[in-house]
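Next up, some structures in structure tokens.
There are two complexes below, and they share subunit A, which is joined by subunit B in the first and by subunit C in the second.
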Partner chain A sequence: MLKSANDGTLTAQSPPGGPLERWAERHLRYLMLAPTVLILLALTIFPSLYMFYAAVHKISPNPDLPWEFVGPGNFARLLSDAQFHVALRNTVVFTVVAVAVEFLLGLGLALLLDKFIRRLTFLKTVLMIPMMLPPIAVAITWKLIYEPQFGVLNEIMYRLGLPLQAWAGDVNLAMFSIIVADVWQWTPFIFLLMLAGLASLPVEPYEAAALDGASSWRQFWDLTLPFLKPVIAIALLLRVMDALRLFDLVFILTGGGPADRTKVLSLYIYQVAYRFADPGYAAAISLFVLFVTIILSTWFMKRMRLAD
Partner chain B sequence: MTPRTLHRRSRTREVLTRLAAYLAILVALILTLFPIYWIAANSFKFDIDIFAVPPEWLPRNPTLKHYDEAFIQRPFLRYALNSFLVAVGTTTVSVVFGTMAGYALARFNYPWQWRKQISFWILSTRMMPPIVSIIPLYLFFNYFDMLNTKSALVIAYTAFNLPFATWMMKSYFQDLPVELEEAAVVDGDTRWGAFLHVALPLARPGLAATAIFCLIISWNEFLLSLIITLTEQSQTLPIGIAGRVTQYNTYWGEISAAGFMACVPIVIFAFIVQKHLVRGLSLGAVKG
Partner chain C sequence: MVRKLFLTLAAAASALAISGAAWADITILVPSGSEGDGLRAAAADYAKMKGTKVETVQAPYANVFEQGANAGATKSGIFDIVLMDDPWIPFFAENGHLEDLTPFFKNAGMEGPDNDFLSKSLAICRNPYNSGPYVCLPYVGNAQMFFYDAAKYKEAGVDAPKTWDDVLKASKTLTEGGGGRYFGYVFRGGQGNPVVADFMPIFWSYGADLFNADRTKVTIDTPEGAAAMKMFMALRDVSPKGVESYNANEVGTALAAGTSASSINWPNWVATFEDPSQSKMVGKISYGPIPAGTKPGSSEIGHWTMGIMSASKNKQEAFDFMLWATSPEQIKISAERGNPPVRASVFTDPELTKQEKFRHYPVLMEAIQASTPRPRHPKWPEIENAFGIELSKAVAGTITPEEALKNAQAAVEQITGLK
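For the complex of A and B:
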């Protein structure tokens, strides 16, 4: 992106100061980058390696007992652990459905409202509030709304003459309830990014298309969508990565229940590590999740040339 | 079809689009604001009114009872203070180092395509789900006797705030013209001096936005705090709230009061950074 990256040669005219300062000035590009690289190495690479070490052991909840080496045992368990499969499926279902709904709603609203809302910064910001809020606050808000006895949603159902539901407590509606709360919080994100994408569209191709008599539907498919593609890719990447780590909403609204219908991978890892006191196996599941997210995000980012 | 009817048709269509748009804005506003209003309204009700059926749409008998319960009788003020301190610590570390790294990645060349590779790697650390690091972090902090400390939270939060700050600042510095810094160097300033005296002041709005986003991310974090903290000495606001949702009882009034108070600073921040929202939420990838 940057055309005229300075390679530091400008400093060749021997800067003032002692030898140490001159040395620092000469290696400035490394010195400025070093703290961040070192901190992130310590906080990501080291834990990943340590996690691998933990994953090949059976770790007793008693810290005085030594770790027992079990080799690939914990990884083999992944194949036969039915709860893990349920959690994996729930995570995939949640991610696909929630992100798809958020994307279609956000894009649709942006297309409909672009012309009307472009200058209304205040209104736009108000619509963006949900995604900034603490997920825990969002979770208790929706818990209050879903409450079967005195919640607002059942009041609305009652007035419409529809059957009352247990929502987050209902086997068939629990996942739906989680998705609705997530859609409430994150549709604004897609909406905002799509508005930004639409605002940066060039005008000329549309004028040409209008002269050629292209329908607005054709213009959307042949012009708008291709132009928006980079922004769509970024929005989807960030949303998918966030949806894969869903934890707070489930923790508060359902605790993974009823009947494991909303048990997602993050929650399952948490339960295995703490409730079942089996950190070795939790590390093995974590490595699986890490592996999947690295593959997914690398593929995405490479395709989009995000790092340029 | 005569041109006249064609014209009339497109006008009807325009009016309809306009109507649909205003209707959509209205519905979106109601759907956005009602849940926030609802938690606020319930925080000002007596318990008996919270449980009322049909619900009491406006608190008929407003009270500050739950604010007293949460913030005076129970340690929610302490939780909020912990959240604040941890957020400030994390933000300071992330913005200081992230600004330097962002500047370096925006301005300098490195051998062997390092610039690209390192940028990419830093971004990918941001993609790592926090759940995958809880096991090593827990064992690590346990080993160094740092569980239940605020410094442990600052360290853990830095892991995802630092990549964010680096990418944000990189994108802001890339937008600044390099010529001003070159001029400063020609005038005898050092390369570091050009960064400090020329680039940094110009990047001030970006710096402020990055800092506010870091504050928000830390303030909202839940999972890592759930793992690392044990008592009110270090527990953050979200943990305090979740702690009042128990298997046997949910203290609706208290969590509504605390939850609403947790949202207030965020809403204020959202308006301060409204011009930077797009960039902040896309890690600098989309320039709004």
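For the complex of A and C:
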């Protein structure tokens, strides 16, 4: 502690109080950090390390049998596991298509409605409803819509004289049906982010561009998109990370079928851990997903210069 | 002040919720649906009568297995009793999650369950099947039957279907005349347990099975398997579009709404079909044994059984409850609540059999006695999943039936280590 002496100079002085108080004063920064570090250790570091420990063991469902160390054995299984390959392929297809459609629709809607919606708070609230609903409610709603015999979608098809479809039950339409439900739920999220981005755009560059005779398309391409880049990057990053973890829609709508067409990684991890009682292998697949997500996000953030 | 009171109440409520199960004398894990509802009601009666606290935890079908397996693997002792689907018994028993009931019977001065239980109902409660010690007691006597609209079948020229050929003939006629809105047959084609459950009786009725008699060989890809698959595919062609995603609810709804004429189904659906508030088909559905193929038809048994978890701290109390809940009086009450019985005396009780809603009892009793259990293997959930994927692909038409059998053979060989 610094104190002003009678002659005006500053001299160091030990803090007042007992040794405990002095110790606390000296280590204050660590004490302030301790709760955060403890929470991080308990909720993130320990489970992650435990997952890694589980991933290098074969864990029997019999509690009296010891965990058998298998080293990289569970990771090696990933190479030859056909069901894992199917789940990986389906996850990639879902993520790419769903996020791309959500992005294009969200951005398009935001550009179209930007001028009108700022005044229509009610419409904004309505548009937010799908993403405020619990995922399980969304899945059950779409299950009822897609139901082949009594669902509303086939009722419309029937009344229009169109051939009835099995939707989520059809091998060719099952993934499409899951994507449609996801797009319905998450397009508003992109839309709202883009709307917020558009609202914060500076006016002057557009005025200058208009004076220079730039077309609307040119303005969108050279001004709007570059200005929106950070918002777009955040929106895509969040949606990609979420899409890679898709579970609830698939679990309720198709259970991974028909014919494995909608089996995604999260569903497969759940099956391996709880149905086949093989938590060691499930931990290995989870680590793989975590690894891919970290690599993708880091690459993406660097590419979009978000880290800066 | 109000805020403080609210926070105190919230904390107390959370503590109660977390430790609620631990306060009970007996905690039972049951599935949702009529089976679990029946045992819950019985547990409430028992608690009232004995003055004990009986807690029931209800979960969807697959979660019962997961929660039970998790409690067993962690030796948590959170559940004293688990109401299990019978194919889970080898997994629970062979991984040390279930208590051997022999000493409890001895303490009670009994050699084992009495002879009023149907022999097939008792056989599944022993591990190994029909020879080992009792690890559970049967509670709900499920076995598949053949459900059909007799009037529609008659219109299609089949009086009472005795064989799968009869079923196919009637179904073809009905579907062809249904204009895409009415179908002769419907089944659970959903990937995994649903499609396997509805294929197994057909598989068995053509003389096929998953393993040979001494369980040393996988026998899916055989001429018998191919014959069963051929019939299964023919039945698919006369079923509604989208049947590859159907589970019990879709099949039940199709029958209750009168949009499909026949299916393999479980007896606990009878109550729904005979309830005017849920069914358009009250009194119109006939219940028969599983049709024959090249061999006599055989139902898949799907009993719900009660076992004591090894980590339970209230084993004697749990056994006393199980003995009481499976007594003839209680099984009769359970039957009246809509669950099929497991005792001969209840199946033949005139008070029940004279009622229209129990008219399927003679057929069901016969079906249980002629039933076959799903292969008793501790890795059954994994085997069922692999077989179910290939069957689902065949039903969806993404691979040929021959490929499905070949792939399923290879997958089950890999899981079991058998050739």
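Heads up, the rule we're going with is that the second predicted complex is superposed on the first by the 265 of 308 C-alpha atoms of A that agree within 3 Å, B and C clash if a C-alpha of one lies under 4 Å from a C-alpha of the other, contacts with A are read in each partner's own complex, and residues count from 1 in each chain.
Going forward, contacts are C-beta pairs under 8 Å (C-beta built on N, C-alpha and C of every residue); 3 or more make two chains touch, one makes a residue touch a chain.
All values derive from a computational prediction rather than experimental measurement.
Participant: Would you check which partner chain A:Ile234 touches, where first means subunit B only, second means subunit C only, and both and neither mean what they say?
Facilitator: After superposition on chain A, A:Ile234 lies in contact with subunit B alone.
Participant: State whether A:Leu123 touches subunit B only (first), subunit C only (second), both chains, or neither.
Facilitator: In the superposition, A:Leu123 touches subunit B alone.
Participant: When the two structures are overlaid on chain A, which partner does A:Ile179 contact: first (subunit B), second (subunit C), both, or neither?
Facilitator: Touch status of A:Ile179: no partner.
Participant: When the two structures are overlaid on chain A, which partner does A:Ala259 contact: first (subunit B), second (subunit C), both, or neither?
Facilitator: Second partner only.
Participant: Return first, second, both or neither, reflecting whether A:Leu153 touches subunit B, subunit C, both chains, or no partner chain.
Facilitator: Neither subunit B nor subunit C is touched by A:Leu153.
Participant: In the overlaid three-chain picture, which partner chain does A:Val70 touch, first (subunit B) or second (subunit C), both, or neither?
Facilitator: Once the two structures are laid over each other on A, A:Val70 reaches no partner at all.
Participant: Can A:Ala168 be said to touch subunit B (first), subunit C (second), both, or neither?
Facilitator: Touch status of A:Ala168: second partner only.
Participant: What is the contact status of A:Asp248 with respect to subunit B (first) and subunit C (second): first, second, both, or neither?
Facilitator: After superposition on chain A, A:Asp248 lies in contact with subunit B alone.
Participant: According to the contact criterion defined above, which of subunit B and subunit C contacts more residues of subunit A?
Facilitator: B
Participant: Considering only the contact definition stated at the top, list the common interface residues of subunit A for subunit B and subunit C.
Facilitator: 63, 149-150
Participant: Which of the residues in subunit A come into contact with subunit C in the complex?
Facilitator: Those residues of subunit A that touch subunit C are 60-64, 83, 147-150, 164-171, 174, 254-261, 271, 274-277.
Participant: Within the complex, which stretch of subunit B touches subunit A?
Facilitator: Touch list, subunit B to subunit A: 17-18, 20-22, 24-25, 28-29, 31-33, 35-36, 38-39, 42, 50-55, 93, 97-98, 100-101, 103-110, 115-125, 127-140, 142, 155-156, 158-159, 162-163, 166, 174, 178, 181-182, 185-186, 188, 190-192, 195, 216, 219-220, 222-223, 226, 237-238, 241-242, 245, 250, 252, 255-256, 259-260, 262-263, 266-267, 269-271, 274-275, 277-278, 281-283, 285-288.
Participant: Can you check the complex and tell me which residues of subunit C touch subunit A?
Facilitator: 62, 65-66, 69-70, 72-75, 91, 94-97, 180, 189-192, 240-246, 250, 253-254, 257, 259, 379, 381-382, 385, 389, 392-393, 395-399
Participant: In their complex, what parts of subunit A are in touch with subunit B?
Facilitator: Going through subunit A, the ones touching subunit B are 1-2, 4-8, 10-11, 15-17, 21, 24-25, 28-29, 32-33, 35-37, 39-40, 43-44, 46-48, 50-51, 54, 63, 109, 112-113, 115-117, 121-138, 140-145, 149-152, 155, 158, 184, 188-189, 192-193, 196-197, 199, 231, 234-235, 238, 241, 244-245, 247-248, 251-252, 265-266, 269-270, 273, 279, 282-283, 286-287, 289-290, 293-294, 297-298, 301, 306-308.
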